[in-house]
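First chain written, first letter: the chains are A, B, C and D, and each begins at residue 1.
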């Protein structure tokens, strides 16, 4: 009898993840932007127009997904998280306010982290995993994840396969991400706050992600795709996503999983490496502040 | 008998819009640029060379368009607005000075808004709609549109189909825009003031917009294309626009409309959602200034 | 008998121009960069490796070109300008130091302009035309061109066909340029001083310029291509330029000219528009400093 | 009998070089980033995941390479340099800390340079060549290379073929690099410290490098490719590299060499030009600080 593996025998595993940030990344850059109506409406498109279309697409194709939702967003749009769960998908922790943890004190980060948990408890949404705002995790982030008994984090980039992080006597499954599998660098553009530059064509993005999926099948990796409904919910980008999923389904040998299910499989995979969080010591005589 | 719809039965509606900004976005960055002759000539190309070619192209293809003209530009080039109207197109309000409303006080914005209206009244140009400079509308912008009885705004991004905005006891049709259907992010480049980075090929832009048009037909949307004569008036970009229009015409099921006509249809469409302007409340204990 | 035309009956005219800037744009950003050896060597590649290959390519294809050389560069590399002229090409004025005229006082600009003329007089190089450093011409620039009896300028963007500029009782032929026909936005990259972002593929650049050439034939324009030997002198970029020239030669109906010859034809073309330099008046009550 | 040539009769020579920077470029931007776990893990991917895959790929294809390793990285990962050498590749000097030499005093640069040499001596790694951090060499850099008897430098851009640099009575082979043959401008992206913009597709990068290889065969050049394991070690980028190498192998007439072997051939090639380091004198009356 063989022990269970994180990939369940698939050549590559796809986790479709949607960061439902809505207005939060902009407010984190300054609450004055609340008066910039175009900018606010640009962000609201995500939960209001993008998410329903995404849910429809996922249902049609029969694939599961994980939605990382800031607590603030779940609070502002009370039915949102429940609707996602009712469609069979996972809702996971994405901070309360979407401020970067590296810009917060430990106490601020704890308050933000726990406030989001409170929102989800109040809404009856069970949380099993976490992704840091801007992926910008600190050691405190990992300790909070461990302390609150979550099964996984999905913010780091040290590998392209899951691994186990040893934090404070507990083990967290790390489901690594990467900028090249994020729609933000391809599609995002706003003049104020200044975000992005040239807007890429969905054809280029589809071609790039398809190549990465093929290569990840070769190297047996986790294809952990990070999408934002306010970006990838736009019509031609959504059809490009449909093409990508259909390509993966037709390829064979590729599994689709919610992050929580993948994390469970990772915890059961005895061959998975166990690591400690990055702990780099930089000599002040060599490196500037 | 069926009630009228905003799309008139088309699968997608195309509004070709041209923001005839000329020198205004540069002067808004600093009037010292008036002495930078290359920069001024770069902008003047729009009304002086681009607009005549665009009018010729639209006539040849038999499609209507909307030209958003800052009052300052109409004032500086007295025959411009009238010529556009004589060609059967619409001239609409695009502020007086092209300064972003979010950078103005309410009094300054009102003065700027009404000064543009005065220019058009003096030129006998009837104004039915408005687009904020840089799309950067405030609540004041919407109130001014309502107060002056305009039929529509075209500055927000909360949807990709028209909807009705309830403002001060009146209803404004919102014809939403988006960065991905704007030629600025693809083509604009100036070193001082610093604008843009890499200049994209018209082939890429045509491919991207064609894909969005196809996808918008799938989702039955408004393809609200925003072009700048100083950018898209250049030869190969204009021929790419010609290809896009011909593609749309050959596809079938796609309507072309001036914004004012689309706004009128939207006001008559009883099924259209009625919304209030974005009103985001950002907690000062959470979000920085 | 028909009067002479600027295009001599061609559908489009190609002026191949090479701005032999060498180290000057970097030194203009700060003379401290003189100690940055990589950066200096990056720039020196232009005259040292790029120019000889370019001369060889032009000879092989039998096409003339114009080389805009800063006086400082001609001074530092004494044989450079003469070699270019011996190959049948034109050497033209490109300032002495490549500092942007908009950053200089009128006296500084005059000193810089005349110092370059002195260098070329000393080297026996006859100068007929001028291009401002960074194309960033001022009213002073045009007055200096007129005062010194040069036949043309090639710095402005208000058209894509030659026209005549009336300056101080004289007439200057303007041979307009544009960012989309400049290799700088496509290829340039340096971290310090920070220049450029993504480096584009010569295939994309060739495709874009070929499309513009075709479209300019349609609109009967001047294809005024601006190249930098330190950029376009690199192997695959040079072969892309070869492909472009061969495409133009094979297309038929396209003329090649040195700028001075084109300027002479422009002065003889009685149908050419006569304009005054851009003179934009920006109201200080409307526009900020 | 013919004298030996740097290219050994090949039409072009390929040096595959990998800058194993790991965390150093980020720490050089500020040691506070040591607490940014995502950023640190993004960099650690290079030596931890990228390098083993690269070694496997090179072994499979039977091509040699050169790994430029900062002393700090070799120190932090004790087995790394030895493993590279055991695979038949070269380990070369890439500073200790990856701080740009142009930001250091002469004494600081000397200390950094020699500290790296000490690390390699202690690990029994023989060093024959050097590449400056960020390629940002100073005159001091070249003097240190000469003083310590290294055979080559690979940081400058004044040519695309090897040449000899005369420094302090010694001769250094310069193996020139260029931004267009660097994966950093194509793939790198980080928000903090801010690096890069749009992330390019490996297909575009492969197409661009293949064209440059072909053109360099035409001009008989050194194709000195600079890759970073944390960037090019990602799955689809690595497969693009495999395609490039296979293309070069199938083309015929292309040699592969370690830098040290190429440098040795360069020193034996009597026809190679002998130059002095760039020494640009910038007049303080003309150029600003």
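Rule of thumb we're sticking to: a residue touches a chain if its C-beta (ideal position, glycine included) is under 8 Å from a C-beta of that chain, and two chains touch if they have at least 3 such contacts.
All figures in this text were calculated on a predicted structure; none of them were measured in a lab.
**Q** From the C-alpha centres, identify the chain that is farthest from subunit A.
**A** With centres defined by C-alpha atoms, farthest from subunit A sits C.
**Q** Since subunit B and subunit C are copies that touch, just let me know if over half of their interface numbering is common to both, same, or not, different.
**A** different
**Q** Provide the C-alpha centroid distance between subunit B and subunit D, rounded to the nearest whole angstrom.
**A** Distance between chain centres: 49 Å.
**Q** Using mean CA coordinates as chain centres, what's the gap between subunit A and subunit D in Å?
**A** Chain centres of subunit A and subunit D, defined by C-alpha means, are spaced 34 Å apart.
**Q** Residues of subunit C that contact two or more other chains, please.
**A** 197-198 - these are the residues of subunit C that touch more than one other chain.
**Q** Draw the chains as points, connect those that touch, then say whether the picture is a line, ring, star, complete or other.
**A** ring
**Q** Tell me, which pairs of chains are in touch?
**A** The set of touching chain pairs is A-B, A-D, B-C, C-D.
**Q** Give the list of subunit A residues in touch with subunit D in this complex.
**A** 100, 102, 132, 134-139, 141-142, 155-160, 176, 178-180, 185-186, 196-198, 200, 204, 207-208, 211-212, 214-216, 218-219, 221, 277-278, 280-284, 286-289
**Q** Give every residue of subunit B touching subunit C within the complex, in rising order.
**A** Touching subunit C: residues 23, 27-28, 30-32, 34-42, 44-45, 48-49, 53, 72, 96-97, 99, 112, 187, 189-192, 197-199, 201-203, 234-236, 238-240 of subunit B.
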